[in-house]
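Below: the structure, in structure tokens.
Residue numbering begins at 1 within each chain, and the chains themselves are lettered A, B, C and D in the order written.
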Amino acid sequence: MNIFQSSKSFKQAFWGATLLSVVIASIGVFVIFFGERYHLRLVYAAYVNLLVVLGLQVFMGNTNITNLSHSAFMGLGAYIAAICVTPIQIKKLSLPDAPWGLNAFELDALSSALISLTLTGFLAFLTGLVIVRLSGIGATIVTIAILVIVHSIFMHRTDIFKGKQAFFGIPQVFDLSSIIMISIFVIFVARFFRESKWGIQLRASSDDEKSADAMGVNIFKLRLVAWTLGGLILALSGICYAYYLGTISARPFYFSHVFLTLAMLILGGMRSITGAVIGTILITFGLEGVRFMETGPTILGLKFPEMLGLSGIALGAVIVIIMVVRNGGLVGNFEIEQLFIKTRKNI
Amino acid sequence: MKPFFKKISIPIFASFLAFPVYADTIKVGFPVPLTGEYAPYAEIQGAKCMAEIINNKGGVNGKKFELLVQDTGTDTQTAISLTEKFLDQGVVAIGTIPFSDTMIPVAQIAAGYGVTILQAQSTQVEMHTGIVDNFISNVSPDPFTAAAAAEYALSEGVKNVVLLTSDDGGSWSAKTPLWFGEVIENGGGKVLSKMNFSIPTSDWSPQIAEMKKLSSSPDAVYISSIMPDVGVLVRQMKAAGIDAWVFGSDGLDDPSLDSVADSDKSILDKVAFGTLAPSQPGSAMQEFQAECKALGMPVDGMFPALGADVIMALAYAVEKTGGTDPVAIREALRSADSIPVRTVESVSFKNNKSHAERTVPVIGFKNGVRVLLSNAIPRFVPNWK
Amino acid sequence: MIDYVVQQSLNALSFGAEYALIALGLAIVFSIMGLVNFAHGEVIAIGGYCMMVMAAIAFRNPIVIIIGAIFASVIMAVFLERIAFRPVRYADATTGLLTAFGVSLILQNLFLLLVSPRPIAVTSMYFLDWPIKLGSIRISSLQIFETVATLLAILFLVLFLKRSFLGIAMRAASLDFEMVRLMGIRANRVIATAFAISGLLAGIAAIFIIARRGAVDPTLGFNPVLKAFVACVVGGFGSLTGAVLGGFLLGALEVGMLVILPQSYGGMKDAFVFAVIAIILVWRPEGILSPQKEKGDKI
Amino acid sequence: MLIVNDLSVFYGKIKVVHNINFTIEEGSCVALLGPNGAGKTSTISSILGTVNSTGTVNFCNQDISKIQTEDRIKLGISIAPEGRRVFSNLSVFENLYLGSAIRKDRAIADNEIENWFNIFPILKERKDQSAGTLSGGEQQMLTIARALMGNPKILLLDEPSLGLAPMITKQVFELIETLKTKGITILLVEQNATEALKLADYSYILNSGNIVAHGNRSEILKKGDLMSSLTGVEN
């Protein structure tokens, strides 16, 4: 295990990821057995968001650079897989003018996913070459630029992406149990990365760039690794989105989704995987409650007024309160295994 | 085990108590965009008001309407999960975000229950190409509104037109202008130029400078966009001295367009739009809005008002079939020669199955007040399927 | 053809003026406390909503409405500083940025909740807009007003920063905030002034935006501020001259893209604009006017 | 005039100054000496209220340990900080102008600026030049002049000779001598103990956050070994 500094950090990562997997899996299994049909949908969507949040955490949590382009990479993953996997007859109908013979081939789900991961990963790598050289606000603005550019292309190359119209006919490949397994896999990946030599060095460097420099850490290289890995996870989340929903459009991969998932990460605490998971769970369920209140329900004979926009206010309030009161999120640097095993002070 | 789950999940999924299950109601599901980008298109105000009106009169065959409404925040995933939820509660029809990226998956899921997606305002053409069978739109698709506007334009002697297109509103803003152009060319006119814009646009001066550069000046400009952008276009064109008609689609049918004439009554004289239902003073829609206002349920704008038609169509079908079987209701809708609705006299789905056959009004302005310029089924509609 | 070029150049100028006006408001706050105030768009929107309210309660006097709208924006900016940004004053830029995003989200949804998700007509600023003939070209008075107002705002800002005590203190604060406190100058006062000025600029921007759009909706300010944010970064974040330069550059870029790009690519305007921005940032990571490791106070 | 009682300074959870006590009489010049990292600047910062500290600071019979930094300055504490920290993009005049921030009467303040220009003709010459373009010595002069603009009751001088050429250092200490004769109370923090001891009426030696010795020059010099190891001063 030479990617780890010590067997202790490996053990920590392993147990932490295992515990989180148990939590995540039990929620899913519970819903599969006892939930209504619409709960399955809801929870599936939550898992997709969990993947996005984890993809975001891998870069943001370890480098402390705000990334706002994650939904774009998710979209890329979704669209590339969708273009590959959708049957020719449907594409002839939905993408009659597609260039480069995009509507004249179809692949199986696995190859499509692999192509999507490869291409998105490559694009992440290319953009990463730019991002990692910038710091702070400059890096953030370039991530916004990526988001806008990708969205613009989705919107206006309607011959390939259909823009705001529906890209439909994607076969349903995944169900809830598949995404539970994928989530567990990604939790392990993210957790191992966090505890790896690279992760630890990255976090050290984001705390103090100069001293990390002096330690001989090549920040650029490490950031690039984190960015690309994050991009791959985001692509995976997009694939999961497309493979279940069957219909995608450019719309979901833009600012509102960016803010939603960002709030999830921030609430839990972006420095830790446990935080990412907790934030996702809390906001998913919290928003359900708030949305329900929004439409002015009657509870125990009490008629509440219609309060549209409440969920947006709640989301904004979560971000502001966390930033003001508890900058590190609910859990800060805490990881779940620390409940059970004593560990050295976390970096 | 299941009741146990329900009991403990109340605080979490807090939504179970909200919809007490009455056996004898006509449930209609509305996972709609009350917030977010597409909030202006929600039909819910009119649907609620019409349901109230019918319920106050004792309902249909003694059954009352029960509308299950929840906000999707213009998010497809949310719309889909809410659809599942409403389907499990036994709705007879669903109205949702009126864009194909939501309507297609929602329709696919509803198909398993035999439930129809019944849209009050959806004009997108994609839904009529046979992707799904359980889709019905209560209005005419975009080519019809474009054709109606073009026919009126031709009757006003319009020859040279400029088309403003954008991908930001899907085919509605990208293709509708082209259909308009096709009808104009079919009538002997000419498309001078196609220009691009984005939604939102709050300053049209670059496009207007392009228009002035054209070799011959346009008689009309066609745009399928929304307010307030279109209002800006109208004022800036006038300011730039371009004396051309501005034609548009249902997006212009927003009460805030009228206020453009606040300081200059004549500014809207050459503005007209093909729309979904007549909205001028004295129209059935305005009467309906006044009635709802009196009920304390204000309905502002055309899209919100169109919800009434959906409820009336459902009421008709329930009465016809004597029950609430969703498939039977769809059949009843599709086999009727004429179904009475509120914003126009009647609609029929007999010929087209997936969209209403109804007259397409063209609305213009006289002295800053809306007037009905024409209201007919257009003679020439471009090939759009 | 010459007319066309002149016309489009004037358009670029007035586009740029609007971005510059908003970008200045962002830059003045950033230069002093390192906060990227994304909620600036909602400060603009509050100006618009104020006009809506004043029209509704039958205020007719345009001067009163203008002053009212500017006043509302100033109050809003100062209020936001007090309740949301003061607690994160000494935190890192990321915390500030995210806080501002949160504030922006809250305000947009409050407008939605309290007013409407739909655009509400506000026509009380229409009087600012009438056609003007200059030889063979026609322009809108609004374009002139906006460009002139931006130039005046820049001029007054320069005078304020050069001549007034608080202005000098603000310039000093953008270099060494703590040292300014050690001169016995109240930090709160300096920062509140910075926010008040940014609110003032937002209020002026609101007037022109409303005069053109004639309507207000919850997301009124989001797009312009996104662009202005870009303008700031391109010019060199925290540099006031940079903000102005970036604003005009962006205006030119945007109009230029509309003119140059073939119509079939017209919709990709934003993609091209942002691509150019990204390239500029790769070339000069700190923005065009910001020399390495030194921020602010370039006037 | 200034009584520091049981003062501790914290950076996060790390305690860098440990329960120290010292007193500065009105009109006296007190030196705070010690090696790098001894806690000298932290002590100054806690007097100014820019770091977290416990204990009390009493100034002119008033407990100031709970009040804002700005208010402490207004009571008459002034600082010429370590590293000078002139506002480099502001002109010399503007720097001095900000120094007079707490003055109520502008006319007197303007008069004062003129006064200082007479003492430092070089500053007058460069009045409109930006402060960043001055030499190190000139910047130090400007920093001290700026600190005096507010007509303080006590002047805190943090490492005024740091990084200056010997010639310039001499000038700076001469200036401090002049200030002393004008009756200004001074707290001088220095690594250059030889010069500081000459100037100071009383001195405290800090090491690792503790006061390890105090007294007047001769008393301090008696503790030769300690002094040479901590400050490099030879007997």
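Criterion: contacts are C-beta pairs under 8 Å (C-beta built on N, C-alpha and C of every residue); 3 or more make two chains touch, one makes a residue touch a chain.
The model shown is predicted, which means the values in this text are computed figures rather than measured ones.
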item: Minimum number of chain-to-chain contact steps, subunit B to subunit D; value: 2
item: Chain ID, smallest distance between chain and overall C-alpha centroids; value: C
item: Pair sharing more residue contacts (C-beta pairs) when B-C is set against C-D; value: B-C
item: Most distant chain from subunit A by Cα centroid; value: D
item: Cα-centroid distance, subunit A relative to subunit B, in whole angstrom; value: 35
item: Approximate Å spacing (C-alpha centroids) for the pair subunit A, subunit D; value: 53
item: Euclidean distance of C-alpha centroids - subunit C vs subunit D, Å; value: 42
item: Residue list for subunit C, restricted to those that touch at least two other chains; value: 109, 112, 117, 267, 269-270
item: Interface hub residues of subunit D, defined as touching at least two other chains; value: none
item: Per-residue multi-chain contacts in subunit A, two or more chains; value: 155-156, 308-309, 311-312
item: Chain-to-chain touches, reported pairwise for every pair that qualifies; value: A-B, A-C, B-C, C-D
item: Sites on subunit C touched by subunit B in the complex; value: 1, 3-4, 7-8, 10-11, 14-15, 18, 109, 112, 117-121, 123, 126-127, 129-131, 138, 140, 143, 209, 212-215, 217, 223, 255, 258-259, 263-264, 266-267, 269-270
item: Parts of subunit B lying in touch with subunit A, wherever the complex brings them together; value: 1-2, 5, 12-15, 17-18, 34-37, 39, 69-71, 73-78, 80-85, 87-88, 99-105, 108, 124, 126, 129, 131, 167-171, 174
item: Partner subunit C, residues of subunit B touching it in the complex; value: 34-36, 39-40, 166-168, 193-198, 200, 202-203, 205-207, 209-210, 212-213, 227-229, 231-232, 235-236, 238-241, 254-256, 258-260, 262-263, 300-301
item: Residue ranges of subunit C in contact with subunit A within the complex; value: 36, 84, 87-88, 91-95, 97-99, 101-113, 117, 226, 229-230, 233, 237, 265, 267-271, 274-275, 277-278, 281-282, 285-287
item: Parts of subunit A lying in touch with subunit B, wherever the complex brings them together; value: 33-42, 45, 48, 93, 155-156, 158, 163-169, 245-249, 251-252, 256, 285, 288-289, 291-292, 294-295, 297-299, 308-309, 311-312
